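A quick write-up on the structure given underneath.
Chain IDs A, B, C, D, E and F follow the sequence of writing; residue 1 opens each chain.
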């Protein structure tokens, strides 16, 4: 599942020895540049995709608004995920591309920080919020859209080093 | 795609006639009971599912924490989704079930309100936040988990009436 | 412990029949005027109380700032308390009085809403935040302050009617 | 009241020389490891404590949810306390223990950061939010619960060094 | 200053009879449709306006992002303004127009609710946040931009009826 | 418009090369002390100013509450401004002065951080929130107040060095 991960993977670190949830102590971890890349898709009817594409040519900019929502969502991650550490993000970039077969919007997010822990959660959350915003903006014409394949593609930095998803 | 929806579906209502985004005027809509049901899954390695199941027998309660995160996430939806109206939710229920083949956790969410607009976004967001919290709590042992199939199953109430997803 | 409460008190309503936490369904409850009154105290050194009293005569207004923090805190209650319903508060009033023997500040809070559920949590949270703000503003001179006796004094409205604490 | 505190304690630092509130300048303070430990209790009827204890054996996990609420509350402290600096917490641990005589839940919180100012406020707030969540989850059976004895036990780190409460 | 306002205007209602701040009791006010319209401008260098206009033709959509920020800002008003009541907004519309002489962007905001109190603060805040977002997005090329003339143009609904600004 | 700024000013940095909005990468910028000073005014009727001045002599402290709102607003800036980086502010100071001709309150804000990017947005936002809070607290007697001249006066720190507004 991973190529270069070295750390032994045998505990859920969000619990202490009594099995109680805590926010893991990262006080002794190094401040390094950490990057996470994630992806996800929202599938829709062909007509819905057509609405999005037409909107982009005018000002009805579904993808532009979803991108902003995703960036703002990245900043709210520690408010949403109970045991996630607050972090000062240094970079968020969200790319949204339409695809025809099957009709969908593909989202790829990159988040970076200089900090003591990784930004996987921020990148995954940004992806989910961006895709959910597309749902919101198109639900008047298509309630059956499905969000799929939200996952981590790659992380770098920190003691555990680089991790990449299987292709 | 829908069984009983009556409203004509030809515009993205989140844009005004100039194609500019706005928060749609719902002032003249009726206050009725509105319910939305959504679902989604997170797929994982068999060992990861095993960790979750063992934790439930002690106090390391991954699913219990994910459920709380999802409920709190439902309340934060208008902070995350730009054009979503603020609503006073009257009920949030999140059910999380493990499945073995393939190894996954299945999330089903029901949200209700007495209000002027529906709660699809709140239910979808709660589902996403619950699943993402599972990712967070298990990522030390499995970074390759995938969130899949997040969608609306059913909505009731309001002028457009009942909508159900295809099976 | 209560004088007029009629409802049978034998379940923790925040759990469903499977014992899983949910946000209780209040959809069928009536919209009535509901009021909650709470109290609490922060005990301190006599010199600390003196600092507060002197500040009030100039512009260093510890109690004024604590009152504002408490009012704003009331509005944030559903963000803090996981299963608390979001409510549109119609009134918040916080009274802060100093006392000499023993040296302390006494806080009494009244919160009201027209809604489907009570505002006990909002009033208790406002009291706690106001008292904690006093701690923050005086901790440079007194780290040993203690917050004590935070409790509900009275609630009115709703199906369960009036409840009052023992004297 | 304190054992090793060296700093002279004669001003409320949250006010400038004109007596106006400001967020104190900590720009020149050192980044050091800072830890705060706090405690508090919620007293209740014996039957209420019994409900909590029974719930823990099934899935109706009052203490587990209170712990999560407290951890999330720690992260929200600068939103609640007006003059509190935003900080990147590196560790939050909340321990909740039941006691029989008198019936109560005891909360002990430890918060740490690597930063320019202490985390007393975060630890005190986490304690208050955890205890208030217990109130919320049990108020259907016991509205007379009382939160008591919320205070700082110990702080370490920073220029003022170690402080410990009297026993 | 007003045409149809009837209420006598002789007290700052955000203070009680002891002169202490409180959140005014609106429990007995009627639920009516209430609308507020506000305006404001940001003045800038001619080259900065040119950047904004060129961006609109591609995807670098300063005004589109400012509009979204303003709408989201409207929803956050009770978090920012201490004594402002939380309200369920039913409509937010932000219009942004560029003007050449002198170079500026003009913002006009309309907010509506069905509620017990008005939405002037929400509309003014949305205007300020939209204009400040334009500052943020253009500050790399023009730090000297000035936000000017933020004011209420009109309010309707409620006991005090219609109010309009002088021309 | 600027005296010492060195950086060439020809791009809106909040867009990438495809013209899509992103949160600019500041990962390679130095951590330095950064300060921003901003100003703004709210103009009002003479009677309104009189109300504010009388309130200050008792406890109805409009300016004290506005100052607290501004400080808390500074901390919320990254929640409001979409592409603004989250920052750990080290100092916020808000000065509010009344003036008679014409009747107004003048606000001057200073914000500092040790960080990788500047705090202009935090200082501008704090100024706007403080002035808007004055509007809220006085709107019962004066709906025609106008917020004017909100701008950056000076920034120091970072690669671009010192910038000062024209007098």
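To be clear about the criterion, a residue touches a chain if its C-beta (ideal position, glycine included) is under 8 Å from a C-beta of that chain, and two chains touch if they have at least 3 such contacts.
Chain by chain, the UniProt names read as follows: A, B, C, D, E, F = Cyclic pyranopterin monophosphate synthase.
A quick note: this is a predicted structure, and the numbers were derived from the prediction, not measured.
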- line: Comparing B-D with C-D, the busier interface by C-beta pairs is C-D
Task: Select the interface copy of A-E from among A-F, B-C or C-F: the correct pair shares over half of its contact pairs, counted by residue number.
output: C-F
Task: Round to the nearest whole Å and give the separation of the Cα centres of chain D and chain E.
output: 37
Task: Return the distance between the CA-based centres of chain C and chain E, expressed in whole Å.
output: 32
- prompt: Which residues does chain E have that touch at least 2 chains other than itself?
  reply: 20-21, 59, 61, 64-65, 68-69, 72, 76, 79, 82-83, 87-88
Task: Name, in rising order, each residue of chain D that touches chain A in their complex.
output: 33, 64, 67-68, 71-72, 74-76, 87-95, 112-114
Task: Would you tell me which residues of chain D are touching chain C in their complex?
output: 1-2, 5, 9-15, 18-21, 40, 45, 51, 55, 58-62, 65, 68-69, 72-73, 76, 79-84, 120-121, 124-125, 128-129, 132-133, 135-152, 155, 163, 165-166
Message: Per the contact definition, I'd like the list of chain A residues that touch chain D in the complex.
response: 16, 20-27, 78-79, 82-83, 85-88, 115-116
Field: Touching residues on chain C, where the partner in the complex is chain F
entry: 56, 59, 61, 64-65, 68-69, 72
